[in-house]
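After this come two complexes, each holding chain A, first together with chain B and then together with chain C.
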Partner chain A sequence: MRKILLIGFKDVTLAFRDRAALILMLAAPFVLTLGLGMVTGRFSGNSTSGVSDIPVVVVNQDAGDLGQALVDVLNSADLADLLAPTAAGDSAAARQAVDADEAAIAVIIPAGFTDSIIPPQGAAAADAVQIELYVNPTRPTSAGVVQAVVDEYLSRVEVGRVAGTVAVTQLVASGRIAPQAAAAAGQELGQRQAAEAAAPIRLQASTAGQAAQRFDVLAYLAPGMALMFLMYTVANGGRSLLTERAQGTLPRLLVSPTATAQVLAGKVFGIFLTGVAQMTILIAGSTLLFNLQWGDPLAVAALVGAAVVGATGWGLLITAIAKSPSQVSSLGSAIMLTFGILGGSFISLSTLPAWVQAISKITPNAWGLEGFTALALGGGLPEVALPIAALLVMGAVLFGAAVLLFNRQGLVQR
Partner chain B sequence: MTAILEAQNLVKHYGDVRAVTGISFSIAAGEIFSLLGPNGAGKSTTIAMLSTLYAPTSGDALIGGHSVTRAPMQVRGLIGVVPQDLALYEDLTARENLTFWGQMYGMAGGALKRRSDEVLAQIGLTDKANKPVKTFSGGMKRRVNIGVGLLHKPQLLFMDEPTVGIDPQSRRAILDMVKDLNRQGMSVLYTTHYMEEAAELSDRVGIIDHGQLIALGTQAELTQQVGGHDTLRLHVGEDQNAERLAEALRGLPGVIQASATDHEVAVIVPEAADALAPIVAKAGEAGLKIKSVDIEEPNLEAVFLHLTGRALRD
Partner chain C sequence: MTKIFALAWKDTLLRFASRSELLFFIILPLVFTFILGGGFNPGQADSRVRVLVVDEAGSALAREVLDALAASTAVRPDVQPRAAAEEQFTDRQAAALLIIPAGFAQGGELELRQQPNNLNAQVAERAVRAVIGRVGQALTVAASSTAEAESRQPFAAAADRQAYFDAALAQAETLFTEAPARVTVTRATTQDPVDYDPAANASAGQLITWVFIPLLGLSGLFAFERQQGTLRRLLVTPTQRGTLLAGTIAGQVTLALVQMTLLVVCGAVFMGLGWARAPLGLALLMVAFALAAAALGTALGTFVKSENQASGLSMMLGMAMALLGGCWYPIELFPEAVRTAAKLLPTTWAMQGLLDLVLRGQDVPGVLLEAGVLAGFAAVFFAVGVARFRYE
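Up next, the complex of A and B:
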């Protein structure tokens, strides 16, 4: 056992002294996470955890109740953590603020907005006017959140308008009010609905049976990148076995009083340990740098271990198939990218066709991401039991296949 | 004297390739034994079988009384191996390499540290102990490679062409180290294609060619096989055809053997003084010009030439 540990620790030391490997193991996932976080607007505003304090510029040119109601919604106490609205005098100033990246979005409520929905008493129905949302393209996530708030508000207004129209029509039809009083009744209902539409709006991401939990987009991106570059690490670890064979240190190990099984176990342990160290550094780094919450530490640790086991299986299989260190590098890079795409490291799996989602289950990335997402949404060990089991089975099956291939070829020519 | 190694008809085939075709020899405890032969003769394959890396196709060897085929782990504890190619972790320091390999031989703690210090002093790298091996010169790497092999004080040290590709100063240091180790009681199996090294180091020499041991004995015993004949080394210019000169000389009376390599022809004659004039004349007749001549007393190279008709460097 001691020799297995010593070989493993030696491999970890060698891996962390290889500058090129360090760039791909640690720097690349951080940089890509940072880049994708910026693209998705994760770093907009002074967020401390997830999307919050989104800068919104509001221009209310409407003289009616519904425009003011929307302003009240955006300034409501329930959205105080999420939004940081400021008022602008006119639409040009609002657009300028967005162009200058001072705001994620401008909400411009045009004059006549209320009248277009609830015509004044005695007036004909006005032409429909639309609320303008002027979006900052560098902050799509933040802008999307505000858009969702506005959509929800408009949805309530529309429901109220239709319900009011129906109600007034029925009152007139039943003779409860005179037709000439319909307009006054309709306006009163409209004002009530404006007040109802301004009721608190909350945005939540939740999983069945759990308390609502805000979801940070980085909680998907960071593990996605970490898992993708974990594939590089395990391929590089497998490559070291063939490198040792080529540079003569493997034959030298095999003529020391060390059993072949100990050497192979030591190499596998080295790959596993390097993968765990990489994931731990990435998790710790993203927690410190991005204030990212990964979830229950125990469950995260268990999932990291299982993900590395699954990935190590792939690394060993690649090594057993390849004939030279350079072949491992080529195969490893190809599999890293393929698994990255297929496993959802770049694109959410839910947006991909069902057959792609089915194939993705052969990748550690897909199972790992499923687990990390569940943990980020507040799940614990029970919620990640299936991904952990799947990853462990994957690792065991691939390890078995690799050992069979190694046995057939021999670790060195004999 | 007790034999530390007894090789019994070792054979190694790779498919149709017969790398070693039946080698038997023994090494006495405390002896330096050299396997001398050209590249591809089967020296490294023999060491690979003796060190338990490759299983023999047939035959066996006993090291310290343990069979290399039936008790490889016991054998590995008795031997040290210095492979022909450097087998080191270049991103580790010299000390880290020694420590790791010592641990693979079951060494640990203070004893390992003390032994590493001794070996670093022995290979002359104490002041470079904490530098990564990748920053070392070829000769320094060779010395670390040897240090790893002798760290655990093996009873029998296999050294497979340890001086290939290094400068004369490093080669001298390595040869002196081998003699020093032997004085301390370590038995050594040394392979080389340099006749001078085998001659300087060995108590006995086995000459190997095409996977067979073609001669075995002390230097004196082997040189007797060429009957005390001299070897003339004729150096020709780059524009001259050495093979044509060797061909011309083969028919000359008194020439026992003539063999060409690059721009040199080795000629075995009974007496150099008598043969030189006819040889120069014959070369002139053939239109070939000899630039210089070296005369050598009977040596291992001449033995190899005598036995195979080829020079060691072929």
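Up next, the complex of A and C:
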């Protein structure tokens, strides 16, 4: 037992002394978490991820009230965070701003817009004059937001128009007002009703998770990055086994009165310990630097242990398959990145089809992320029992497979 | 010239000595582009955001809401029994869950549950709000019209009131159906009509990422030769420092151009992207980007101590710069300050230039600024690299 511990501790010391390895073990996950936090607005106080300050160019050529009302909506205090509108003199200048990628969308209100909805006294109803939205194709999300705002405004205008018409027609039909008074009553009623009418359908929107505890976007991103670079650490650990074989220190260990199983167990213990140390440093660091709440400490510790067991299994399997230390490195990097994307470190798994979500279950990343997210949302040990069990089974199965392969090749032969 | 060619050829052989390099050269970039570009839902399949819907009302109004949702361009309703829907939502398999409660017939409250910090959940909320706004319009008008009538002269019986309401509702529905479109949406393009395609973002972003990292890794080549002592050996031959640097860099830049061409061809053939639209502009931008990245790698090479350090650093810096440059997620989603700061990175300019070509339909004049900035990066970093270059 002492020998196993000695070999394990030696490998941990070696791993943390290797400055090149530390870059990918500790620096890279930190830097990328920091970057993700920056691009999601986690550090700029705007914690609802999404768009803000959308540059909109507005051209109002309409002389009536409705065009100006839309301009007022776009400039309203409610939308001040979301939109950053600027006025342009003519439509050519507005289109130019979108073409130059200075704006996400141009809203062009042509002359006669109001008159086409509310015909002036005595005039016949004109053809519909359309507002033009000129959209920047590289900013579909921002443009979609503005489109929704304009749609909502137009639907209110439409309600006003229809309400006025319906009210007057029905009042006249039921004999409540005289036909001569219709035109005058129509406009007044329409405007009043569009403003007053309560919507018959309301929406109660809520966000999953405990209401009191806002979900921190970093609670998803930080474990995602940590788990991805955990795969590097375990592959690097496996590499040290092959390096020792190539340098001849492994045969030397084996001629000493130390059983092959002890050597292997020591090596595995070393990889496991390095992984746990890496995760612990990353978790402690992000707690202190980013004020990130990981959740119930006991459950976090259990989940870290299980995730490292699962990842270590993969590290051993890679080592057993590869023929040289450099092959372990490149295979390890490839698997690290592939598992990263399959396990949800880059994009949410919910956007992928069911069969990819099923495949993702072979990665420690997917199970680990599921567990860490549950803990960050206030869950405890019972909520992460399934991920922990799955990770432990994964580790055991892969360890068995690796031992079989090692036995077939012999640990010391090339 | 022969020397430069010989040096470039030597580095190519070194790089592909292990066949696993092909994984990083072409296979993984394609896999990542495919996954991030929504390659799993090509063309005919539905790329709208899935919203779980539980319909416990079964009323005509509920059906109207469902029909309107189904017609939405942004979301796709997936009606499920409550238990199944809630389970899927808890497992984060869908971005949002809409519940139409029992008794929802003349209006009432719908419940929408959203995943935290999820862009698709925001899209779902916007779409649901738009739909209920439309579905509710006729009801709103009929109710207010009836109230208006009642305030002027009360109804004799409840049946009269209902008849009045029904007549108003029917007229309102007709008027809304006949209402003309009052808004028209056009996509900004210069010459050709270009459809927005999320795959274009993924293709451009992954191209930059996977070319950028190995070019930064150029730093490792110098460290490797310094460690092996082969740089010193070259010193005793009549080879100038400039020739050596030029040979090494030319080799890597050529490889990068080959890699980019392969990725672009795959993007055009398999994902139908418009890469072929402006070949000259594309070539200009690719050369400028490869030079800028290689220059950064050369400068980095004078700071690193070992090959391993160089490969770790190039992976970390490459991924971070790709992320901040908008290669992984659209830069429009970033906070203003980050968007401005990212202008300091070559990846941002390369991405902007590629999107100008593939989405905004521009050609050489449209990418001159981006290519110029990239050339500027190249000049500055080459100067640093050459000034600090040491043989040992």
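Simple rule for what comes next: the second predicted complex is superposed on the first by the 246 of 414 C-alpha atoms of A that agree within 3 Å, B and C clash if a C-alpha of one lies under 4 Å from a C-alpha of the other, contacts with A are read in each partner's own complex, and residues count from 1 in each chain.
In this section, contacts are C-beta pairs under 8 Å (C-beta built on N, C-alpha and C of every residue); 3 or more make two chains touch, one makes a residue touch a chain.
Note that this is a predicted model, so its numbers are computed, not measured.
Enquirer: Would you sort A:K10 into first (chain B), second (chain C), both or neither based on which partner it touches?
Expert: first
Enquirer: Regarding the shared-chain residue A:A128, is it in contact with chain B (first), chain C (second), both, or neither?
Expert: A:A128 sits against chain C, while chain B stays out of touch.
Enquirer: Give one of first, second, both or neither to describe whether A:T249 is in contact with chain B, with chain C, with both, or with none.
Expert: A:T249 contacts chain B only, not chain C.
Enquirer: Now for A:A259: first (chain B), second (chain C), both, or neither, which partner does it touch?
Expert: first
Enquirer: Looking at A:Q293, would you say it contacts chain B, chain C, both, or neither? Reply first, second, both or neither.
Expert: Touch partners of A:Q293: none, neither chain B nor chain C.
Enquirer: For the overlaid complexes, name the partner, chain B or chain C, with more touching residues on chain A.
Expert: When the residues of chain A touched by each partner are counted, C comes out ahead.
Enquirer: One more residue to check, A:L32. First (chain B), second (chain C), both or neither?
Expert: Only chain C is touched by A:L32; chain B is not.
Enquirer: Name the contact category of A:S155: first (chain B only), second (chain C only), both, or neither.
Expert: After superposing on A, A:S155 lies in contact with chain C but is clear of chain B.
Enquirer: After overlaying the two complexes on chain A, where does the chain B footprint on chain A coincide with the chain C footprint?
Expert: 18
Enquirer: Using the touch definition up top, name the residues of chain A that touch chain B in the complex.
Expert: Of all residues in chain A, those touching chain B are 2-3, 6, 10, 13-14, 17-18, 247-249, 251-259, 412-414.
Enquirer: In their complex, what parts of chain B are in touch with chain A?
Expert: 14, 48, 51-55, 73, 76-77, 79, 81, 83, 85-89, 91-92, 96, 100-101, 103-106, 148
Enquirer: Please give the residue numbers of chain A that touch chain C in the complex, ascending.
Expert: These residues of chain A touch chain C: 18-21, 23-24, 27-28, 31-32, 35-36, 38-41, 44, 46, 48-53, 95, 98-99, 101, 104, 117, 127-142, 144-145, 147-148, 150-152, 154-155, 157-159, 161-163, 165-167, 169-171, 173-174, 176-177, 189, 193, 196-209, 214-215, 217, 220, 326-327, 330-331, 333-334, 337-338, 341-342, 346-354, 356-357, 373, 377.
Enquirer: Show me the residue ranges of chain C that touch chain A in the complex, using the header's touch definition.
Expert: Listed in rising order, the residues of chain C that touch chain A are 18, 20-21, 23-24, 28, 31-32, 35-36, 38, 40-41, 65, 74, 89-90, 92-95, 106-123, 125-126, 128-130, 132-145, 148-149, 152-153, 164, 167-168, 171-172, 175-176, 179-190, 194-196, 306, 308-309, 311-313, 315-316, 319-320, 323-324, 328-330, 332-338, 352, 355-356, 359-360.
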